[in-house]
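Chain naming follows the written order as A, B, C and D, and within any one chain the residues start at number 1.
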Amino acid sequence: MKLTPAAAGTFAIAPTPFFDDGRIDEASIDRLSDFYTEVGCDGVTVLGILGEAPKLEAAEAEAIARRFVKRAEKLQVIVGVSAPGFAAMRSLARASMDAGASAVMIAPPPSLRTDDQITGYFRQAAETIGDDIPWVLQDYPLTIGVQMTPSVIRKIVMDSISCVMLKHEDWPGLEKISTLRGFQKDGSLRPLSILTGNGALFLDFEMERGADGAMTGYAFPEMLIDVVKLSQAGRRDAAHDLFDAHLPLIRYEQQPGAGLAVRKYILQKRGVIASSAQRKPGSAITATAKAEVDYLLSRVARVDPRANLGPQAAAAE
Amino acid sequence: MKLTPAAAGTFAIAPTPFFDDGRIDEASIDRLSDFYTEVGCDGVTVLGILGEAPKLEAAEAEAIARRFVKRAEKLQVIVGVSAPGFAAMRSLARASMDAGASAVMIAPPPSLRTDDQITGYFRQAAETIGDDIPWVLQDYPLTIGVQMTPSVIRKIVMDSISCVMLKHEDWPGLEKISTLRGFQKDGSLRPLSILTGNGALFLDFEMERGADGAMTGYAFPEMLIDVVKLSQAGRRDAAHDLFDAHLPLIRYEQQPGAGLAVRKYILQKRGVIASSAQRKPGSAITATAKAEVDYLLSRVARVDPRANLGPQAAAAE
Amino acid sequence: MKLTPAAAGTFAIAPTPFFDDGRIDEASIDRLSDFYTEVGCDGVTVLGILGEAPKLEAAEAEAIARRFVKRAEKLQVIVGVSAPGFAAMRSLARASMDAGASAVMIAPPPSLRTDDQITGYFRQAAETIGDDIPWVLQDYPLTIGVQMTPSVIRKIVMDSISCVMLKHEDWPGLEKISTLRGFQKDGSLRPLSILTGNGALFLDFEMERGADGAMTGYAFPEMLIDVVKLSQAGRRDAAHDLFDAHLPLIRYEQQPGAGLAVRKYILQKRGVIASSAQRKPGSAITATAKAEVDYLLSRVARVDPRANLGPQAAAAE
Amino acid sequence: MKLTPAAAGTFAIAPTPFFDDGRIDEASIDRLSDFYTEVGCDGVTVLGILGEAPKLEAAEAEAIARRFVKRAEKLQVIVGVSAPGFAAMRSLARASMDAGASAVMIAPPPSLRTDDQITGYFRQAAETIGDDIPWVLQDYPLTIGVQMTPSVIRKIVMDSISCVMLKHEDWPGLEKISTLRGFQKDGSLRPLSILTGNGALFLDFEMERGADGAMTGYAFPEMLIDVVKLSQAGRRDAAHDLFDAHLPLIRYEQQPGAGLAVRKYILQKRGVIASSAQRKPGSAITATAKAEVDYLLSRVARVDPRANLGPQAAAAE
């Protein structure tokens, strides 16, 4: 089922599971798919920045997308297709859609600077993949370095009928959501789903500003789902209470570069992936950091028992 | 009293108070000085990035430094002297020390790239101000864009006998503190005070990794002081409990660009500064953001009554 | 006399002469003023990037501007006033105009990224200095890193009635001049003087594309003047013949970072400035580089005898 | 035959020829191979930045490398294998060597900043491709943004026995060559071929500083070959005379972004490639620019008849 501007809820960003030697771990892909389905995610996004996509060969990327699509049949699967060139982007996009994906996601290349360069890039990208493929615009200046104003985002969306969603992870970004929703009120922007990323660091207020849900890789998607639902139900205090209980860990996970190692460590503890290894070049997690994460988990678990993952990491490592 | 490598505790980063028309508000400088003294800060850092230093003329900067030093006589005052050129840096550094400041703080200019450029810059800077002036090295890559490895920091410190403190605000930075403390254990780095900035977002664990205290502009320095003391006393859970209660607001304040407006808004609510105005070009805070801050304050106040600042912002603005 | 959009011809970019110990060399300022006047420049621009402006204290900058204005009374003097903050920019701008300068020049700060940030910055800058002060927009992405499209430049110019000139040094920039001149033909851009910088590396074709002249620091402004005049007179081959004879040296001078040392070396050889020293931190010129410059001078002199500067640098240095 | 540190002479950087519709033009690849062979190049480098490598799919890149290797059997073929991830880099490197290439070339990814990041990256890259594959280190900060000091280059070379050549295109870079050659004199750097790129803008002096030859895409490799030989023969004036005759065109070709269009235009005029088209997103060349190139060609031809390419571009286009 193709993604539409009405998409909402929680889309998990999936890491790509590897064995310690760098090979792709397909059984863990299946467990990830099952896990996201069972906890109640609406979708899953694969081959994003978190998914170590640039480290994959083209054939590997296609195989991973296909496997997720096949196994997570109840979820909408979005495939990250950002690439240095349009030829590779088109290939992966078309192969993914042929396999049954719901949409693709495109981030701007770091070299873009002026408004015209940015809007021109996305116009060409959308043309290249073909306007029968719904796509998600990723706005992540903290990591990518490309700054898109609300007006530029509006232009990109209005230029391409197939752009159906914004993955919003500007930082700070609260006013950006308000401005975009204001554009829709004044009729200058058509319907657009906005899911928030940025590690969920502002999910609480982003929902109140008008986001339709979350799209991020926090290792407890259950919390994302609940906060999104509580917020949508207007239960503000309850949403914040749950969110705040997780915030110390959310913040810990959202460390640039180091965050992926933390997430894989937790997902491994949860029994979802077999190894926390990253393909080279990757970042490791020290024994001290593991102990810090364990401590945070034990604190979260006082409020949210789902974070109770049993014994802490052994001190010696 | 000059700053030494034994410095520890909490140093507040002071904003520069302006009237709505952009003039400097000297009475508010005095109230800020009194406030930091009364809550129990060990020092105050003025004319930092938060202090809108680049917007000041040279004579204004000197006058502000002098006024803080005079009024906050019980505190150690550190003056930010980062400047595009060494002549202006030297002038402000010497004038500040003549007025009674304890030290100066220097951040790298954004153009530096290679390790040699960075170490060479600080060697020349230290020579220029004179080695009778203790100085603080600011390591803030998120905002400044200059990346200094632990080895580079060690070289800078070992090259300049007058470098006494690191304002640590790399992100992520926990392993950096551990590495630097490891250098001291293996004898390759001399004593150095490490205070953590980065909006206190990782103060809880940074203390556990070996930081000597906090240097940041969070609008409740009382919390910083308490967390630093609890952590130093080994009361881990109590430190985290207090920290976690403030974390939703800490996180909100730490938004790049927008954070200063939030801090000035709270300090104004607390009656410390008369206006939350920034000198142009500044960032404003919307009515929605004010209401969000008020909501966060009310939530913090459930645990820490000091955050109870009375009625919330009027809806209409 | 204030600068107008009708300004044309050759404006030399003046270096700031220092003694070997870093003090400002006022006698050399006077000789520079006389030199530019005698060779027939139409104006001189001081305190630009080439002028080591960021290394100066505010009072020094004002004194240098005043001295040039006083001595170069037959020339239009443009004063670079780019500064990290508007307060310092305004002070230098007003002091310079009070002293008799013709205009000021403003470059964008390197942190600007989006079109809105750029146009917003210049709108505020123009307001800050006051619209009675004519100003020159400097477009130098190679060094500054800020990319302004022709549309953005048009908006800046149309937003500020006091913007009278573009210092064009985008690279490549030929199509930019054509586009801007096209805007004027279609009536969407008002009259604007365009002088080309970028070390004159494209002066030959930039004149043919519609530039009004040159504004750069090449050590033989006589050549700039002649090429501008030959080109304006439609003597294409003659303009290129002269330009090409100098091109090997132009190219050598235009090395980022190293160029200033080469220019000061030649101006010293020409007897205009007493020392080729730069204020710290500066770049030096090696004995090998001096010998290379001497060789280039001897080759230029075969076509243009003005480049005959006598004996070459001694081998040993 | 594998590339060794004794490599010298002229290596052409080949563009990738496309048809107007974006398909790869294999017949033009063969003509390019023949052309480089016939004019006397020592080698050819394919799939570099000039070769639009990021726009190719993996299978296309391999096919292009294979075709060049097969046809240009008398030349040493170097294949650019820079990629966002090591998996893709390894695949292309091994496939190219299996097909008979002499070496591969690796540029640093733009995200690298600190010395340790840079040296660590190349250590991992060399391990990944395997130390039986000779590789060329590309140092091109103007385009890539990564600054490598001479010490960093030395460490990279000393860390990897299979690094046999530096493609030197820092700018300015003359002192860098001198420093590296000095390292070899003092015994701290092992033998290393240095070929200069940067559009040949400094080929004249780079040869005198110790370069072993040229590796760049200037559309008249004959000139590069002659200048390299004249310089190696100690015929300084003759080398400069020939170089200077071409310099106006060299400079015109070396415009960032626009240069490739100029080169393809000239190679098309020379009958080597069938179309000057670039795969999207590409830069076009205007009619005015074509006329400027034609004018430059006619001027070069006065000294070097090889630049006589017949009638100029029609005015109307």
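Structure notes:
Just so we're on the same page, a contact is a pair of C-beta atoms (placed from the backbone, for glycine too) under 8 Å apart; a residue touches a chain by one contact, two chains touch by 3 or more.
These figures come from a predicted structure and were not determined experimentally.
In the absence of chain A, chains linked through touching still make up one piece.
In the contact between chain A and chain B, the residue numbers used by both copies make up over half of all numbers at that interface. One finds 39 Å separating the Cα centroids of chain A and chain D.
Note on chain placement: the centre of chain C and the centre of chain D lie 33 Å apart, centres being C-alpha means. Work out the mean CA point of chain B and of chain D, and you get 48 Å between them.
Contact of a single residue of chain D with at least two other chains is seen at no position. By the touch criterion stated above, chain C contacts chain D in their complex at residues 171-172, 174-175, 178, 201-202, 204-205, 208-209, 240, 243-244, 247-248, 251-252, 255-258, 286, 288-289, 292, 299. Within the complex formed with chain D, the chain B residues making contact are 113-117, 147-149, 151-152. For chain B in complex with chain C, the residues that touch the partner chain are 54-58, 60, 84-88, 91, 110-111, 120-121, 124, 128, 279-281.
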